[in-house]
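Heads up: the structure comes next, in structure tokens.
Per-chain residue numbering starts at 1, and chain names A, B and C are given in the order in which the chains are listed.
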Amino acid sequence: MRRARIPTAIGVLAGLGLLLFLLPLAGLIVRAPWNQALVELTDPTTTTALGLSIFCSLTATAIALVLGIPLAMILARTRGTLRNVLRALTTLPMVLPPVVGGVALLLAFGRRGLVGSLLYQALGIQIPFTTAAAVMAETFVAMPFLVIAVEAGLRSLDHRYEEAARSLGAGYWRVLTRVTLPLLRPAIFSGAVLCWARALGEFGATITFAGNFPGRTQTVPIAVYLALETKPEAAITLSLILLVVSAAILVGMRGRWLGAL
Amino acid sequence: MAMFMLAALAGCGRGDCLECNVPKMPTPLTIFAASSLKPAFDKLGEVARERQAAAPTFNYAGTQTLVSQLVQGAPGDVFASADTAHMTQLQTAGLISGQPTLFAHNKLEIAVAKGNPKGIHTLADLARPDLVVVLADQSVPAGKYAQQALAKAGVTVRPASYEQQVTGVLSKVALGEADAGIVYVSDIVTSGHVDGIAIPEAQNVIADYPIAVLKQSHAPGPAEDFISLILSAEGQAILRAAGFEGA
Amino acid sequence: MTLEAAVRVRRNGFMLEVTLTAAAGETVAVLGPNGAGKTTLLRALAGLEDMEGRVVLDGEVLEDTAQGLFVPAERRHAGLVFQDHVLFPHLSVVDNVAFGLRAQGRTQAGAVARGWLDEAGLGDRADALPRELSGGQAQRVALLRALATEPKLLLLDEPLSSLDVSIRAEVRRELTRRLAAFSGVRVLVTHDPLEAMALADRLVVLEQGSVVQSGTPDEVTSRPRSRFVADLAGVNLVRGHARGDHIGLAGDASLAAADAGEGDVYAVIHPRAVALYRSRPDGSPRNVWHGQVESFDLQGDRVRVRVKGPVPLVAEVTRGGMRELGLSAGAGVWMVVKATEVSVYPA
């Protein structure tokens, strides 16, 4: 196929865009204290933060799957104004500045919060400053990614598959588990990965709602932020680790996530 | 704007100055100040603006954050620190012009919810398992001071969170999320949302606040003037009203 | 076992109103142009479409709007075969066929499914995925998937139209065989007259949401009541007001016909009965019109010539005749029809 030649101007602009992505990453890699890297990697602060981050982000993703898929199913069924309202609601955390999200979570689940106060007074349960709070903060900001991906997948699904299944005598749950969900697998997968990546990198809402305590709420992004002021080498090493993890995710997905968005 | 200023200044150098009645434009100043200084410095800034001595903008954050920013090359004229260690760090990095001056002192106090519903009276009380206590991180001067005070009192606290700046501790207590936190006396004086429990002298720590002009400053004159204002009787009165102890 | 249905569907200004009965052992084909409402009718019978009315299958009321009764699709025992198979892409062929059996809770569903596939000669494709099958194979598997559950009602939505013309005949033969062997009620919808004629025991013609004609294929085509059916039958159809020996048509035209009767009538003229002349002929026929050749269709040794005129008609002549007349598009020509060749019946 003979395609039209791309004008130079477009090439230049694209190159600039690419530089914008490349330079910061290059800076990170070049300035990394490679000789100290191993020391940093085994430092308890690092390993604790990493372990906590992985635990919280995976938990957040699991919750997002359990709550987000049904939510996406409802969203995919609605139409008109109701759909626009629900859609706006579920994607709000995506556009909200994370710290604002953290404040909102405090106002809802803090000791004086809408729901939090009830929990505290009745059961003595306090959510802020706990690992659960970190998980909640991450779920709040990351779940929309999953919902959007799954909803898109549902809308593009040929509804005749479900009809065929029903005509063959399959009830609601059989249709869901044997037909709909298997066909949705790519959308669920890419949504889950995006959700996990977002949860892993979450900072603003976590530090506002869950605070900062090593081993309990000090996730990698928070550890990096702190380390930047006291021990920059540790910050850079941690940043690199997160960079490698994120890159691995993206490469592993091999461009499949584009379809979901 | 610059041309106008230039013309005004040029004119004012000779006798035939037509623009000399034009008021001088106040010099913009960027002041990096520890977050505990906010209420006091905001007021001082107003004074400076009224006098048209300077047009100050303030960058408030935990002292360690400010140092990090300045080391990375953030532009600024003046640096006011909540401890001498961080000022020394900048001096070593060659970013300070001249010698720093101590302009205020602060002491620590325990912040509790209004009415002190949990009945906290001493540092030792902070170790109670039923309390949610928040402290500033070790890297923040207030956090370092708090650890010193706790060590003096022989108390071990298990905080729920280590905040990035002392005002973070204050806000958690004010929001009701934490039962207690160790902050500066000045924080409690200016807050109005919390009550303070005094820490006895024997356990308390005195925080030294040094201030200095930054070498990179483009307006060292007005910067020095601002520091003079802080050291003046008027400035010291403002600081004391905010809960600080004078230089 | 019979199906009795009175279906009414209202949607976006479109109204479908059909009464249909079908007995076991009989294939009813609903024929109509696209947009007539055929698929909607089928889906309504399957329980997949909002409808008003009443559907009774084998004495069981599947739907009765007046009494608020509704049996959901999954409990209707109605097998549905879609136009383009709609096999589950993530399941193997045998799992597709076994799907309904598993939904029914049958043990050995896989083995039973394999049995169906073997019998159809598709046993070697049992473990393949639907995307690895040819169009014809996929459609056959779709049919087996529906038949495997032994439904009482089999609904087929244009079962052959998505297939290549070359394999259509073969699949049609197999379909005919299977339908004959199926003991339940069969309703098939299509827009392809050939499909309808080949598979139907009874034909129901649907146009714009209403039934315009029904009967055996022969009955319907020998007495078409609409252009669509006339085209289907390959005859010329006109409608007019009969007055004894002639029929008054639209636009002052008149058609001489023997024993036309009185009143509103349809008149059928077979293209064979239309003769073409270069110059105005002399003779007994009273139906003589001048027109222009609009287009023509070669069909072996015959040519179907569409002529524009006071009475637009399709004439069928031989190739030789065509050559002799030297006809081409736009050429002027005289059409002649003997009054005795016009068959008339009440509208």
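Worth a mention:
The rule is simple: contacts are C-beta pairs under 8 Å (C-beta built on N, C-alpha and C of every residue); 3 or more make two chains touch, one makes a residue touch a chain.
Bear in mind that the values here come from a model prediction, so they are computed numbers and not experimental data.
Farthest from chain A, judged by the mean position of CA atoms in each chain, is C.
Of all chains present, the one whose mean CA position sits nearest the global mean of protein CA atoms is A.
We define each chain's centre as the mean of its Cα atoms; on that basis chain A and chain C are separated by 54 Å.
A straight line joining the Cα centres of chain B and chain C is 88 Å long.
Here the spacing of chain A and chain B, counted between their Cα centres, is 37 Å. Only residues 106, 110-112, 126, 128-129, 207, 210-213, 217, 225-226, 228-230 of chain A touch chain B when the two sit together in their complex. If you check the complex, the residues on chain C that touch chain A are 43, 46-48, 72-80, 82, 86, 88-90, 99-100, 103-104, 145-146, 149, 155. Those residues of chain A lying in contact with chain C across their complex are 158, 160-161, 163-171, 174, 178-179, 182-183, 185.
Against chain A, the residues of chain B that register as touching in their complex are 62, 64-65, 67-68, 132, 134, 137, 139, 159-164, 172, 175-178.
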